[in-house]
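Here subunit A shows up in two complexes: once beside subunit B, once beside subunit C.
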Partner chain A sequence: MADKPIQGEKRMFVTGNEAVAYAALAANVDIMYGYPITPQNEIMHYFTRLAPKFDKPFLQTEDEISAGFTTVGGVMSGKRSFTATAGPGNTLMQESMSMAEMMRIPTVVVIMQRGGPSTATVIYSQQEVTMTCYGANGEGIRVVYSTCNHQELYDYTIKSFNTAWKYRIPTFVLGDGYQAKMRESLTMYDPEARGIKMVDTYPLVGLPGSPGVDRDPAHLRNTYNTEEELYEVVSNLVKDYEAVAPEIVESESFDCDDAEVVVLAHGVVSRAAVEAVRELRKAGIKAGHFRPITLRPFPDKELKAVANQAKKLLVVESAQGQFAKLVHHSLYGDSTPMEYIFKPGLGITSDEIINKVKAML
Partner chain B sequence: MTVTSVMEPKMPKCWRQETKPHKFCPGCGHGDVLKALGTAIDELGIQDRVVFGCDIGCSLLSWDFFNFDSIQTHHGRTTPVITGVKRARPELICIAYMGDGGGYAIGSQHLVNAASRNERIFVLLANNAQYGMTGGQMAPTTLPGMKTETSPYGRDVEWTGNPTLGPEMVAAITPDSAYVARGTMSNLRQLTQMMKKALQNQIDGNGFSFVEALASCPTNWRTNAAKTWEFVEKEMPQYFKVGELKVPAKKEG
Partner chain C sequence: MGNLVKIALAGEGGQGVQSVAEILVEAANEEGKEALYIPNFGVEQRGGVSIAFCQVSDDKKIGSPKFEKGDIVIALSDRAIRRCAQYVDENTVFIYDTSIEGAEGDLPKNAKKVFGIPAIEVAKNELHPRVFNIIIMGATIRATQVVTPEQAKQALEDKLGYKFEQNPKLRELNYRALERGMQLVEGQM
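Here is the complex of A and B:
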């Protein structure tokens, strides 16, 4: 048996999918469940090549409904478990994730967004924002990290296990097909070597002892009899979530302090935004960029502060306003003028953003 | 001399007395099926290792039925949840409990694939020929001509197909190491033995185990005691043959 997937630190040039597989193993994941769908397939490909060396099993299920629910079972048994999916697979996994929300099951799901609606493209989009944040019949009791590069895919895959298990909230890493498939450099590391302690996992069922003899059995339910009973359960879920949200929320801002136009973007699109802001600054134009890293919980306070200072806001995304809806909700009552670049399923270049910002001045 | 006027009902040891009387309707078959399961678990002495998953449908009412760790899952999704537990913790004895709607309709892909993969879990399915919890609609197992809320003039097999033969299907797609049987609440001794064999098959790490239990639903059948029993004992077995369909060969030595 090999010792650790990554010893110390290692510079690598890999695809995003490969980075996720390595990160899961570096995070000492116990088991992966999955079903093939492009563009996340290589997460499973690399996992199934690497994992047996560390005695970690993989189960290929019959569909994403099953991949989601087997992940739920693995987590409930006390094992650090995850799955990965995209597009229509993400749709099918919403059912199991609503169970995870209701029962506080610390699942980890990596999403590589593809085009939608329907089968659409296998390539790229940012159209799974609403679904990943608020899918299924629930209140969005989830943590969603939107990554922008391979280093973050690695960092946040590791972090997602700790967030999930520390707070007992289902956690998502939201990437996309571009991040999944392209190659770039990153530093992989053993979390321990960087002082990152993996949060201990523990069973929710299959507990030690004799149920009914020396302990009560774990009786875990998600069905309730009355409106009042459910209201209390959901109110507590929301209260708990809101209490820990400030600890979880993450964002980045860049040149926002004196900006006349602040570009709002998340995920891989924020790379075009950063590039655009650099170019605009070189040309003497005061532009800035704000990027939520967590889409759930959303960095309301941080965005409000940026919006208060900016003269104008530009929302840029590879979807028809899914991210903008989160922004609108967050900035309710703020009157800073806002413009948009919506390109569902299409990549966005820095030039497009530069031209739009110039037109807004 | 004192006379005990109230007889204590004899319950399996692994039943949770605090949650009795149970939540099922009077005359419901679930109680008897779960009595057979409890007896089998008692006799095998595996209560400490059991993880029990129940489906949605009337089976959901069993979430606090036993003194073992239990998960109430979603309609049709108990098989994958329990599969996930077993794959992560093979030392546990994992049981998925569901009705005919959960197993043969909405969760049929999970049953088929768990059986095909020969998952080391025990799927126990109560067949009462209709959807009980939602008020008596037609199920995959509704008998030809049988009246339900969604087949008010009787099930037309030309239009809706024939009742699903679950154990026959599972037996056809599992390897020799699987255990597959159909029992009935009208023969609890036999049903208990079937469940013991099913559980033993998992304990031995052989393969998939599946037992369908014919069960009553007087509430939705709208039958009195005599008619209920007649339907379970006489009519259902004409279509759903009771007996073992697959018994793993004894290991040599």
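Here is the complex of A and C:
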């Protein structure tokens, strides 16, 4: 049996899907559940190749409904479990993930967004933002990390297990088909070697002793009889979530201090935004970039501070305003003029952003 | 050529452009450069035009994975020529295979430079059809200079070493294909 998937640190040149499979193993995941769908297939593919060396099992289920629920089951039994999916598979997983929200099951799901609606393309989009943040019947009691490169896919896959188990909130890593399929360099590491301690896992059911006699009952419920009872439960979920949100929220800003136009983007599109801002600055144009890393919880305070300073905002995304809705909600009452580049299912380059910013000046 | 080189390789499914791209960026990464490669992919399992988008930079992290215009665009079939017109502007060097019939009318008019190389013919008549893509790799390396020939050979060794072990003649064939590819571009840039 091999010792650890990554010893110390190692520069790698791989696809994003491989980076996720390695990260899960480096995070000492116990099991992966999954059902194949492009563009995340290779997460499963590499996991099933690598995992047996570390005595970690994989279960292929009959569909994504089952993959989601088996992940919930794995977590309930105390195992650090995850699954990965995309597009229509993400749709099918919403049912199990709303159960995870209700029962505070620390599941981890990696999403590689593809085009939508329906089967659409297997390639790329940012059209799973609303669904990943707020899918299913619930209040979006979730953590969603939107990554922009392979290093972050690796970092946040590891981190998502700790966020999920520390706060008992279902956690998502939101990538996309580009990140899944492209190859670029990153540094993989053994979390322990960097002083990252994996949060302990524990069973949520089948605990020793008699409930109500030797210990409190676990009370893992997703069904309630009265409106008032449900209201109390959901209110507490929301209250707990809001209490920990400031600890979880993450964002990044780039050249925003004196910026006339701040480009708002998330995920892989922020790479184009950074490049655009660099070029615009070279040309003497004061542009900046703000990027939420967590889409849930959303960095409201940080974005407001940026919006207060900026003359104009430009929201850029590979969807028809799903990210912009989060921005609008966050900036309600702010009067900074806002413009948009919406390209559902299509990649966005720095040139498009540069031209738009110039047109806004 | 600036710090960042953008390369689009396009051919018919099965011509091996994706493996060329993969070996090329591996080599660049081994040289300590930043490289990014993304295949275009659709629901079709085979056939159709296959495009590999590669970017290599000396040091800085690369921006968006796909780009609007390439520095070097290599098209290896008639459909690939037509499909790749969109990646060409006045800074693009456009390379195509001379054996593509009726290509002239479709070649881009706005490129910095357009020229043909007889890669398919060389593969068929001089070497072996199976090293066609390695000829293309040689041509790409010579045209872009994103990696040294030595590093390219090492990358081939890393990728195909196990096959070379079984049949050392394959190594020689691949190395010759790489060099022939470089020669085809020699003096044309």
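Following the convention adopted for this analysis, the second predicted complex is superposed on the first by the 349 of 361 C-alpha atoms of A that agree within 3 Å, B and C clash if a C-alpha of one lies under 4 Å from a C-alpha of the other, contacts with A are read in each partner's own complex, and residues count from 1 in each chain.
By definition in this document, contacts are C-beta pairs under 8 Å (C-beta built on N, C-alpha and C of every residue); 3 or more make two chains touch, one makes a residue touch a chain.
What you see is a predicted model, and the numbers here were worked out from it, not measured in a lab.
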For this session: Look at where subunit B and subunit C land on subunit A after superposing the complexes, then choose clash or fit.
Result: fit
Exercise. Counting only touches as set out at the top, which of subunit B and subunit C does A:Val205 meet: first, second, both, neither?
Worked result: first
For this session: Kindly classify A:Lys79 by the partners it touches after superposition: subunit B alone (first), subunit C alone (second), both, or neither?
Result: first
Exercise. In the superposed arrangement, does A:Val244 touch subunit B (first), subunit C (second), both or neither?
Worked result: neither
Exercise. Looking at subunit A, does subunit B or subunit C touch a larger number of its residues?
Worked result: B
For this session: Tell me which partner A:Asn222 touches in the superposition: subunit B (first), subunit C (second), both or neither.
Result: first
Exercise. Between subunit B (first) and subunit C (second), which, if any, makes contact with A:Ile123: first, second, both or neither?
Worked result: second
Exercise. Looking at the overlay, does A:Arg183 come into contact with subunit B only (first), subunit C only (second), both, or neither?
Worked result: second
Exercise. Measuring by CA atoms in the overlay, how small does the subunit B-subunit C distance get, in Å?
Worked result: 26
Exercise. Both subunit B and subunit C contact which residues of subunit A?
Worked result: none
For this session: In the complex, go through subunit A and note every residue touching subunit B.
Result: 30-31, 33, 57, 59, 61-63, 65-66, 68-79, 81, 95-96, 99, 203, 205-207, 209-213, 217-223
Exercise. What does subunit A use to touch subunit C in their complex?
Worked result: 13, 38-39, 121-123, 149, 178, 181-185, 268-269, 271-272, 274-275, 347-352
Exercise. Any idea which subunit C residues touch subunit A in the complex?
Worked result: 22, 25-26, 29, 34-43, 61-68
For this session: Sort out for me which residues of subunit B touch subunit A in the complex.
Result: 14, 16, 47-49, 51, 53, 56, 60, 63-64, 66-74, 77, 80-89, 92, 109-110, 112-113
